[in-house]
Amino acid sequence: MTALLEVRDVSVVFDGFRALDGVNFTVDHGELRFLIGPNGAGKTTLIDIITGLTKPTTGTVSFDGTVVNGKREHQRVRLGIGRTFQTSVVFEELTVLENLDLAASFRKPLVSLLTRRKGVTEKVEQALETTQLTDLASRKAGVLSHGQRQWLEIGMLIAQGPRLLLLDEPVAGMSSEERVRTGDLLTEIAKDHTVIVIEHDMDFLRRYASTVTVLHEGKLLIEGSVDEVRADPRVQEVYLGRAREEAAHDVVG
Amino acid sequence: MSYAFLRTAAAAGLVLVLAACGGEATESATGGDAASGSTIKVGLLHSLSGTMAISEVTVRDAELLAIEEINAAGGVLGKKLEPVVEDGASDWPTFAEKANKLISQDKVATVFGGWTSASRKAMLPVFERHKALLWYPVQYEGLESSPYIFYTGATTNQQIIPGLDYLKEQGKTKIFLVGSDYVFPRTANKIIKAYAAANGMTVLGEEYTPLGHTEYSTLTNKVVQAKPDAVFNTLNGDSNVAFFKQLKSAGVTAESMPVLSVSVAEEEVTGIGIDNIVGHPVAWNYYQTTENAANSKFVAAFKAKYGAAKVTSDPMEAGYNAVYLWAEAAKKAGTVEVEAVKKASGGIALERPEGLVTIDGETQHMYKTARIGIIQPDGLIKEVWNSGEPIKPDPYLKTYPWAGSLAS
Amino acid sequence: MEGILNQLPIGLSIAAVLLLIALGLTFTFGQMGVINMAHGEFIMAGAYTAYLLQDFAGRNAVLVALPVAFVVAGLMGLILERAAIRHFYGRPLDTLLLTWGVSLVLQQVARDLFGAPNVQVLSPTWLQGTFGPMPYNRMFILLLAVGSVVGIWVYMNRTALGRRMQAVMQNRQLAATSGINTGQVDQLTFFIGSGLAGIAGVALTLIGPVGPTLGTYYIVDAFLVVVAGGLGQLRGAVIAAAALGLLNSYAEFWTNASLAKVIVFAVIIAFLQFRPQGLFVLRSRALT
Amino acid sequence: MTATLEKPPVTEAPVKEPRDWRGPALFAVVAIIGLVVMPLVLEPFRLGLLAKYLTYAIVALGIGLAWGQGGMLTLGQGVFFGLGGYAMGMHLKLNDAGDGLPDFMVWSGVETLPALWEPFRNPVFAIAMVVIVPGAVAWLLGTLVFRQRVRGAYFAILTQALAAAMVILLVGQQGLTGGTNGLTNFFEVFGQDVAADSTQRGLYFTVAIVLGILFIAVWQLQRSRFGRLLLAVRDGEDRVRFLGYNPATVKTITFTLSAVMAGIAGALFVPIVGIISPALLGVVPSLELVVAVAVGGRFVLVGAVLGAVLMGYAKTYFSEELPDAWLYLQGALFILVIGLAPKGIVGIISSVRESVAGRKKEVAA
């Protein structure tokens, strides 16, 4: 059985700057993978490559055995790749429910969208429950707090029913309480989905991660369990060097 | 708070203004019969805004002057004329709308108006349906003779053909045609080509540019490459400015290659730059310098009313004439009723600033004298050639054998 | 054959006119995302400046007018920016409509001040005559365009202010957090961009009509240059202007002026199929 | 709304929601005023003007959909208006000409009827073209442009350039299109004398009813999932891609719909006003309608319609009473509305109502 996601030899060059340099990256069915690395390591670029937002200069991306290089973003979503963004983007003019409903309806033929939404579908209901946003369902998304928006994004992702979920720093800017809730949400989702999470926070990582991939300066530094990665001297150097400069924000255990 | 309040207040004011406009506009003006009461209403319909305002405002001014003079002399049939001025806004549907308004709301006795062929074509059905009268004061492309329009400007055989006669006399047999892309230049050029074929002249090229076009270097290059003896220019409006400026800078002079224009009059000369156009010929029926008593009076009265710096031009004079000609016909008919005025109009002859003008009852065009002029360093135009006598209008060119195929 | 060869300098001179008009636009568009529909009326203001200066400078008014028009149009731009546009950053479509309203008003103001007919601006005697197929006044415009491009390049790359401007253009928020007063930079950009329109206006008095609607004749073409060249891209604007100038010149030579305009539009649509962001793009990760 | 969440229905069973009757009631009142009161009160000339404004309102409805709901600022709506108008105009011209040629062809020196014109003899074909041609042009432009993610100001500029190019093209083909003059001097519309008061009255009813139907249709569309999706595309086009939708498709469909509406409006305009000419397709008329929509309130469909009718009246009124002031006024109005009241008249009304309601609450408390 082939891996769910296979990134081979991918390089990305922006105006002479190598954002990614020959990266190989594989994720199997059902995995919960964490992607870490200092700022500018190429984490978000890698996710952009996988979801089609950025085109690789060289290399291929395969999803479930098929090469998806030529496919546009929405086509990849239709194959089952879903993502969230660092700064959450939800539709402020629409209600929470409408946001979720939109996310759940993309497989419907366009003509059927011409009718009004009547009631709530199972998928949306589930997403509401999972993210505990049921009470806010009829509120406009514009009034949500930062944390609630992130959950709504995750909820929209669940409603899409993707086979691979990519989450870009889901707990950034959250209070510790919100982090816990997001973490629980993540474990819940990871039970029956393949998930890739970009995260800085090592505490969070230690608590939830199984396998970790470390990127540095566009290259894959190391891949392994949390403990293996923590023990690796190169990782310590990369992170400690940075930690000294930027105070102990992203502490490595 | 204050900002929000201001916003609301400003906006609320706006609503009120708009509502008021809507309300008032729906109130219908109640006008009685044109001749009822102590005045006779006449409509003036020209573009007072938009691209054509430059030209048309002056025609309206000339018409207002004529109305003022006629009123000072006792009016028409013992009643003063009351002008109702509307703005065609350089927009053809607006001309149709306003013509409709003048006829059905203001119940005017007649309308003086229009400049572009397009505005006339848009108004024509309105006047024909309502059996109302329009006096159209500008030279045009001919091939039209509406029973409800009087044409006081030249038709093609009173301007284009004399212009060609003049070029032929001057020995300019190889010509290049340059025009704006609309009906007058295209029709004029068809006539020119037929004339050229019958008179041993050659047309070396024919180029059109969109209205309002201002980039003439390519066209200048084409003209220069073709080496014509003369250029026949039917460009309109601002394009003339760009064309003459760029022609001048390419080294073309009036001596080496005269450009005969049929849409450049006294008013346009300064805008083009006297430098750029001095010495080039134009074809019209009237110039400010035309010498006769009626013209001295007209020019003096116009300058007295509108300022000494103002010039008079052919379309203005044709508009000025139109009012007098209509008044004369109404006097002759003893009424302002349309059919009676039409019937009375044939054969009316008046000494006007351009010379003797006679209404041709059959076509409702005028007998007019064609005049070729040269642009002088002072910006005025000096006549160098004329047709000797007023030419009978022939909008369909029926009397010109070579034009047989043109007006099927 | 000679005709074909002549079209080359003609194309370049059309390009020079396009470039002069588009330069200011590409700046304000690029840095602030502002589509200034009143740009054409700043051009008109520059042309009328030359007209008014004739009373003092006679035929050489055009030369004197260059710096004066730059300041006059620049100040008009500055006022517009301060009074209105700064409240609308991030709302490009609203600015577009707002400035269109401003352009209508300015046209009517010009009509009331100077009258509806075109006015006469005499060109200097030393600009009369031709060098080969190229009239002197066209060469003057070409030099003016080249001079403006060089000036802007030096300003942007060799002065502290210019570098700040580039920083704001590339990342407004980052520039703001690194201590650049973005408001001030915006004002300066608008002043320069509008000032360039003033210079273009003076140049246009040499070849075209000077009237209240002068700006409207050139504005659509100038926008197309900006679209094809890419936002705020000096080299993009230069290349796009050159390409459109030559295309215009040859398309008109082989067909006619009407068809040439249609061809240019079709080519731009086709071009955008390959380069939807124009020739050159500032890359950013921002998601809209 | 939360009440509807009690049990997840497996299929989308309809759920009873309390109906808001105020909208339909207002619609009915306006419909009665439009269909009964106006024809009784206004004399034929003014009724004709109102009919003209209502055709503008149809275009405005399309602009409201594309711009207000979809974020696509189209400055070339006149093009589609014109295409619809020409399709209708061609039919009327051929109908009047009978076996001969339309008048302008005669004086343009065209001797045989161009093949392009021939099928327009058939009224069904002509009416089909009123919808198909503007729709097809919009669809083509939309596909080319939106697929490449050209948007916002770029799109606005391109539509503006399209309008400019289209005008030049129409003017240049005089023998085929009547050039600058356009098509005018119609005698009959579907067997009726076009100038007769009864015909004009009939046309007024037609345009009013068409506007009503289109209004309801767009209103429904706005409330559908597609309408929600459109809002999402307006506010976050790139994000929508990651929801699995192709924004280009959504935008192209919407743009095409708005173009079709403009085409229908153009076709109705022709017999009412009696002319269609390239000037109506240009940038300025297109922009004027955008202004009208902004003044009325672009985010609400009622605003677009209201704006078009009010601006139409304002233009007629001021050009009759104060022709010199119109340009100042139009410019100033525009600056004021965009600057101070971006939600237009409708926004003002609702904020006035809210502040009144707020004050009442304060008093009560």
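Which chain is which? They are A, B, C and D, in the order written, and residues in each are numbered from 1.
Keep this in mind: contacts are C-beta pairs under 8 Å (C-beta built on N, C-alpha and C of every residue); 3 or more make two chains touch, one makes a residue touch a chain.
For clarity, every value in this text was computed on a predicted model and none was experimentally measured.
Asker: What chains do chain B and chain D have as common neighbours?
Answerer: Chains touching both chain B and chain D: C.
Asker: By label order, what chains touch chain B and chain C together?
Answerer: Common neighbours, chain B/chain C: D.
Asker: Quick one: point me to the chain whose Cα centre is farthest from that of chain A.
Answerer: Ranked by distance of C-alpha centres from chain A, the top chain is B.
Asker: Please report how many Å separate the Cα centroid of chain C from that of chain D, as a whole number.
Answerer: Taking the average C-alpha coordinate of chain C and of chain D, the gap between them is 33 Å.
Asker: Averaging over Cα atoms per chain, report the distance between chain A and chain B in Å.
Answerer: So the centroids are 72 Å from each other.
Asker: Would you kindly tell me how far, in whole Å, the mean C-alpha position of chain D lies from that of chain A?
Answerer: So the centre of chain A lies 43 Å away from the centre of chain D.
Asker: Multi-chain contacts only, two chains or more: what residues does chain D have there?
Answerer: Only 168, 171-172, 236, 238-239, 327, 333 qualify.
Asker: So which bits of chain A are touching at least two other chains?
Answerer: If we look for residues of chain A contacting two or more partner chains, we find 85, 89.
Asker: Give me the residues of chain C that touch two or more other chains.
Answerer: Expected reply: 256, 258, 261, 287.
Asker: Would you pull the chain B residues touching chain D in the complex into a rising list?
Answerer: 6-8, 10-12, 14-15, 18-19, 21-22, 24-26, 28, 48-49, 86-87, 89, 91-94, 96-98, 100-101, 104-105, 116-118, 121-122, 124-126, 129, 141, 143-144, 181-183, 186-187, 190, 208, 210-211, 406, 408
Asker: What does chain D use to touch chain A in their complex?
Answerer: Touching chain A from chain D are residues 1-2, 4-5, 8-10, 12-15, 220-221, 223-226, 228-229, 231-232, 235-236, 238-247, 249, 253.
Asker: Spell out the part of chain A that touches chain D in their complex, as residue ranges.
Answerer: Listed in rising order, the residues are 51, 53, 72-74, 77-78, 82-83, 85, 89-95, 97-98, 101-103, 105-108, 110, 112-122, 125-126, 128, 134-135, 137-138, 156, 160.
Asker: Which positions of chain C touch chain B when the two form their complex?
Answerer: So the residues of chain C in touch with chain B come to 2-3, 6-7, 10, 13-14, 17, 116-123, 127-130, 133, 135-138, 206-211, 213, 216-218, 248-249, 252-253, 256-258, 261.
Asker: Residue numbers of chain D touching chain C in their complex, please.
Answerer: 67, 71, 73, 141, 144-145, 148-150, 152-154, 156-158, 160-162, 164-165, 168-169, 171-172, 236-239, 283, 287, 290-291, 294, 327-328, 330-335, 338-339, 342
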